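Got some structures for you, see below.
Note that subunit A is present in both complexes that follow, paired respectively with subunit B and with subunit C.
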Partner chain A sequence: MSVCRAQSLTLSGIDALPVEVEVDVSAGLPGFSIVGLPDAAVQEARERVKVAISNSGYKFPTKKVIVNLAPAHLRKEGPAFDLPIALAVLAVSGAVPAESLKDAGIVGELSLDGGLRGVRGALCMAEGARREGLQRLVLPVSNANEAASIGGVKVYGIRTLREAVDFLCGGNEVVQAVAEESDRSESVETAEDFADVAGQRFARRALEVAASGGHNVLMSGPPGSGKTMLARRLPGILPPLTLDESIQVTKVHSAAGEGKGALIHARPFRAPHHTISTSGLAGGGSNPRPGEVSLAHHGVLFLDEFPEFNRATLEVLRQPLEDGHVTISRVAATLSYPARVTLVCSMNPCPCGYAGDKRRACRCSAGQIERYQGRISGPLLDRIDLFVDVPRLTRQELRGGEAAEPSSVIRERVAAARETQTLRQGVPNSTLAGARLREACALRGDSEALFGAAIDRMGLTGRSHDRVLRVARTIADLDGAGEIAVEHLAEALNYRRSSFLDR
Partner chain B sequence: MTGRERSAYLFLSLLQARTGTSFVARIGDIPVAEIPEMSAAELGHRVRMTERAARAFDDLRRDFDPTAIIDGLEQRGISAVTLADPEYPERLGAVPDPPPALFVDGELPASSYPAVALVGSRKASVSGLDAARSLGRALGERGAYVVSGLALGVDAAAHEGALEAGGPAVGVLGCGIDVVYPRSNRRLFERVRENGAVVSEYHLGEAPLAWRFPARNRIIAGLCDTVVVVEAAEKSGALITARHALDAGGDVWAVPGPPGLPECRGSNKLIADGAGCIWDVPEFVESVAPEPPETASTDEETSLSVSVPAGLPEGEAAALAGVGFEPTGVDAVAGRSGLRMQELLSALALLELKGYVHRDGSGAFVRRAGG
Partner chain C sequence: MDLILRHGDTLVFVEVKLRRGTGFGDPLEAVTEHKQATIRAIAEQYLAEEQPEFEQARFDVVGILAAGASWRIEHVADAF
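So, the complex of A and B:
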């Protein structure tokens, strides 16, 4: 038999699709070609496979070798096909039993001496293998733990091509990788705890509300007021990831080549620099990989110096903030990455940063401040529910006051409020709009009267009207109240945007 | 008054706008009407002129057509008031370099009504803006003209107050009166035009160049009997207006601010130097605009009541006691009042709605003095 097949997998978004590697060896002038829409890295597999086979002590056939990667319409990329190609070639020459390749998914990059290097997306591949009904997954040892963490498929981590051949021949015992027992409750505790934050009780309260309702936040304050420090602590008060969410988060990180070798239990926190490109934020590139917004999936995306971000770049956040995923369309394919994030932005109140600060005079003109604040994309602002001013604290304010609550206590209240929302409407309050908003946030009697007064006196627009209602709903949920009372609504009014040029 | 004199002043106005130097102050005993007929060289003999000014003079003289200019203005309902006209404001005519012509859309203050200039910082604090607004309102109720520069901050707040009370407002610009600057004041601009006048010494279309703003301050001072500085730092255009007013024999008043605050040093220093101190709005209004046009207004809103009012719920009273007259951050209020954060936040919003406190652009709260 001159055609042998090996099973492999390739990434599409964060899912792995099956790829069959067919190798045909026939008489003719010696040659080696790969067909089936391979990219440059796959083409280069020819040299690596050839050299790795000879260096591992096997013979590369001096015949015409054709490799086909099926299905042929799917674009293949990356070096992960090195190992399946090499094993299928060896199967043709009889060094590996062809039947042993039937139920095994194989991925791995070869080095010239026959050693194996890790690949991107091992967890996604393991999930794909399980879905495709493959019994075993053979991959580089450095990926084994990550792949094993999902379960449902036997994962074997190997070091060299020779080890792989021996294993498939049944000659040696390769230890099956098992998921490391990670203590979930412990990994939820992040190093950054709200107990370490001195003062800033207003901002702390605002972040608690944000976490409870899944609201996006914009913090405004002078440099050194602690905006970044506060934002870093937000993931720690979000409810723990469910197993399903953990797997999704790990898959995204795995697809981006940032897998940690085990399931991720802590909510991600991503803080891209403001010079980030559009594809860096949304994902993409010629070898598509998830962007920052997807890496922050189920966690917090923190945009520091918000007005400095390129406007066009930020526009790509509109879809994920609305739908919870990013779609990337390229000539070759359309991919989708999950991206359900809590957005936290921070900005200075003016270009010099000190407008409104008590101890340092602001150097900006009124026009400069207006331009600076106007630089923020309007459509994105519409998706932010909480606006928080974070002042610089004086020494007394930093040192005085009672001990702050630890994140774990806040997290319990947040989890309870989220539970209420799930029971009532199935989604966090931040996604309420239209009829569902009116239903969930019905006002009665004096709250209605208060709201009317607020609309007139504070000049609330239609959008900020909805925003205040959503936030009030969350505050009531935190309070365990069925209906929005006056105090809930009144507190919500504090989170509206304050304009520095109040006229 | 001959038409020749009018057009000569119009000519000088265009020349001054182009060169940025005052000729009216220099021509001395040369008959004004003859100037447009002289050549630059001729005039140069008697008045010191730079080369650039002489070139501008010749350029301008070549195609100067006063009738066309005045017709063009009239079509748009704009009048040109020159030094040669009896309507020219008397006090403004007495300053050392009066603008040769004013372009007016609306009506200039009549001398029978008091006119008060309210000027101050473009980036005023909430209490500054409050003061400007309530002064504007109180003056507007007496029918006094509120004159200001139509800039952001105090200027805008003063006009808003005056317009709310239905009083006349006059805006003096540092650019052509068809140029809206700053653009965010567009709506206010229209309302001032409808309820008073928009005035400038620059012809239509002239750009808001930086040097024109200090220059327009002498017009603000010249149109009024009284200048009030609401909030001014030590180097503020508002102080220039005050100086012009003193030079022209007008009154200067200032609103006191917290001692030592950089934003109020200029206005506080004026008080120290002898300017009138506005410690009470009705008292001030009584002294600058004594005769109310109709019934005396007994508006409680303008009185500066500052005690913690009785009848507030306990939480709100505690919160209000924690808010100072200087902007106070929420965390500081929390520390002073001893309330839990969520109680405090709802109390503050209720106080804000009831008009006791105001939240400024940096999220800090201030006690309000009156409406």
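So, the complex of A and C:
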């Protein structure tokens, strides 16, 4: 038989699509060509495969070798096809039984000596292999643990091309990789603890609410008041990821090539610098990769010095903040990455930083302040749930000996509130919408009257109306209350207002 | 270009490669794309100037591996 086939997978967003590698060897002048919309890295597989095969002690056929990657319309990128191409070539020459390639998904980059290098997106590929009904997944040993963590497909980590050939011939028994047992309830011990933060009771409370319900926060205050310090302590109080969320987070990181080799259990906390580009934040590139907003999926995206970010860059956050995913269109394909984040931003109220400060005069003109605050668009501000003023600390707060509450205590309350939400609706409050929102956030009597008055007085938009209700729901959950009471709603409304942002 | 032969109504251009060993690759592999282009160009000129009555042409490559006493001769018809 002159045509042999191997099954492989390629990443599209965070999902793996099946790719069939067909190899035909026919009489003619020796040659090696690859068709099926390959990119440069796939074309270079020719040299790697040829050299790796001969350096592993096999013979590369001195005939006309044509590799077809099907389906032909799908763009193929990356070096992960090296191993399936090499094995299909060896199957034609009889070194590997062709039937052994039928039920195995194969991915891996070859080095010139026949060794295997890791690929990106191993977890996504394992999930793809399971979906496609492949029994086994053969990949580089460095990816094995990550791929095995999803279950449902037998994962075999191998070191060299020779080991892969022996394994498919049934000669040696490669140990099946199993998911590492890890304790999901394992607490997130960070060096930074809320116990170190003096004062700022209002901001601490706001961050607790934000962590519980996944709400977006904008902190503003003069330099040195502790905005960044507060934000850095947020990972320590976030609720643990559910198993489902864990898998999704790990898939995104795996697709970005940032996989840690096992399931990720801690909520991500991403703090990109304000010089970040639009595609760095949203994802993209000619070989698309998830951006920071996707890497922060189910976690926190912290944007320090919010107005310093490029305005066009910030506007790309609008879609993910509303829909929970980013859609990227490129020549190669249109992809969608999940991006359900809790946005935490910090900013100074004006260019000099001291507008509204009690101790130091602001040097900015009204026009400067307006321009500075105008860098953040209304639509983006409309997506913020909690506006928090972080004022300068007083002498008593700076020197006061009163010990602040440690993160571990806050984390327990947050975890309990999130648990309540998961039991009630399966998702955090920040993603409630439509009928489920109306049901979970029903108001009665006094609270209905208060809300009615607030809508008129504060000029709430349809979107901010929903956002206030969600925050009120979270505050009630933190309180262990079944219904939203007046004080919960009042606190939620309080977070809509900012002493300086006149919106 | 080593041989020009007639096969029915087809003119056959043959490149013959001999190697004493495979240290630098198979003899057939020595006919690179660059060499193929050269052979093609020569053949075109030859057809136009000397044999305009032929409507079909073909390129063959013969690889000879002469390692010691054992010779291996491989003939690839219509190679490119």
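One rule holds in what follows: the second predicted complex is superposed on the first by the 385 of 503 C-alpha atoms of A that agree within 3 Å, B and C clash if a C-alpha of one lies under 4 Å from a C-alpha of the other, contacts with A are read in each partner's own complex, and residues count from 1 in each chain.
The rule is short, and it goes like this: contacts are C-beta pairs under 8 Å (C-beta built on N, C-alpha and C of every residue); 3 or more make two chains touch, one makes a residue touch a chain.
Quantities reported herein were computed from a predicted structural model and do not represent experimental measurements.
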- Where does A:T275 make contact in the superposed view: on subunit B (first), on subunit C (second), on both, or on neither? neither
- Message: Just to be sure I read the superposition right, which of the two partners does A:G28 touch: subunit B = first, subunit C = second, or both, or neither?
- Response: second
- More subunit A residues in contact - subunit B or subunit C: B
- In the superposed arrangement, does A:T62 touch subunit B (first), subunit C (second), both or neither? second
- Message: With both complexes superposed on chain A, which partner does A:H488 reach: first (subunit B), second (subunit C), both or neither?
- Response: first
- Message: If we overlay the two complexes on their shared chain A, which of subunit B and subunit C does A:A361 touch? Say first, second, both or neither.
- Response: first
- Query: Is A:P391 in contact with subunit B, with subunit C, with both, or with neither (first, second, both, neither)?
  - Reply: first
- subunit A residues within the subunit B interface of the complex: 199-202, 204-205, 220-221, 349, 355-358, 361-362, 365-367, 369-370, 388-389, 391, 393, 397, 400-401, 450, 453-454, 457-458, 475, 479, 486-491, 493-494, 498-503
- Query: Mind pulling up the subunit C residues that touch subunit A in the complex?
  - Reply: 26, 28-29, 31, 36, 61, 76, 79-80
- Of all residues in subunit B, those that touch subunit A in their complex: 122-123, 126, 129, 152-153, 156-157, 160, 182, 184, 262, 327, 329-332, 334-335, 341-343, 345-350, 352-353, 355, 359-364
- Task: Enumerate the contact residues on subunit A facing subunit C in the complex.
- Result: 27-30, 62
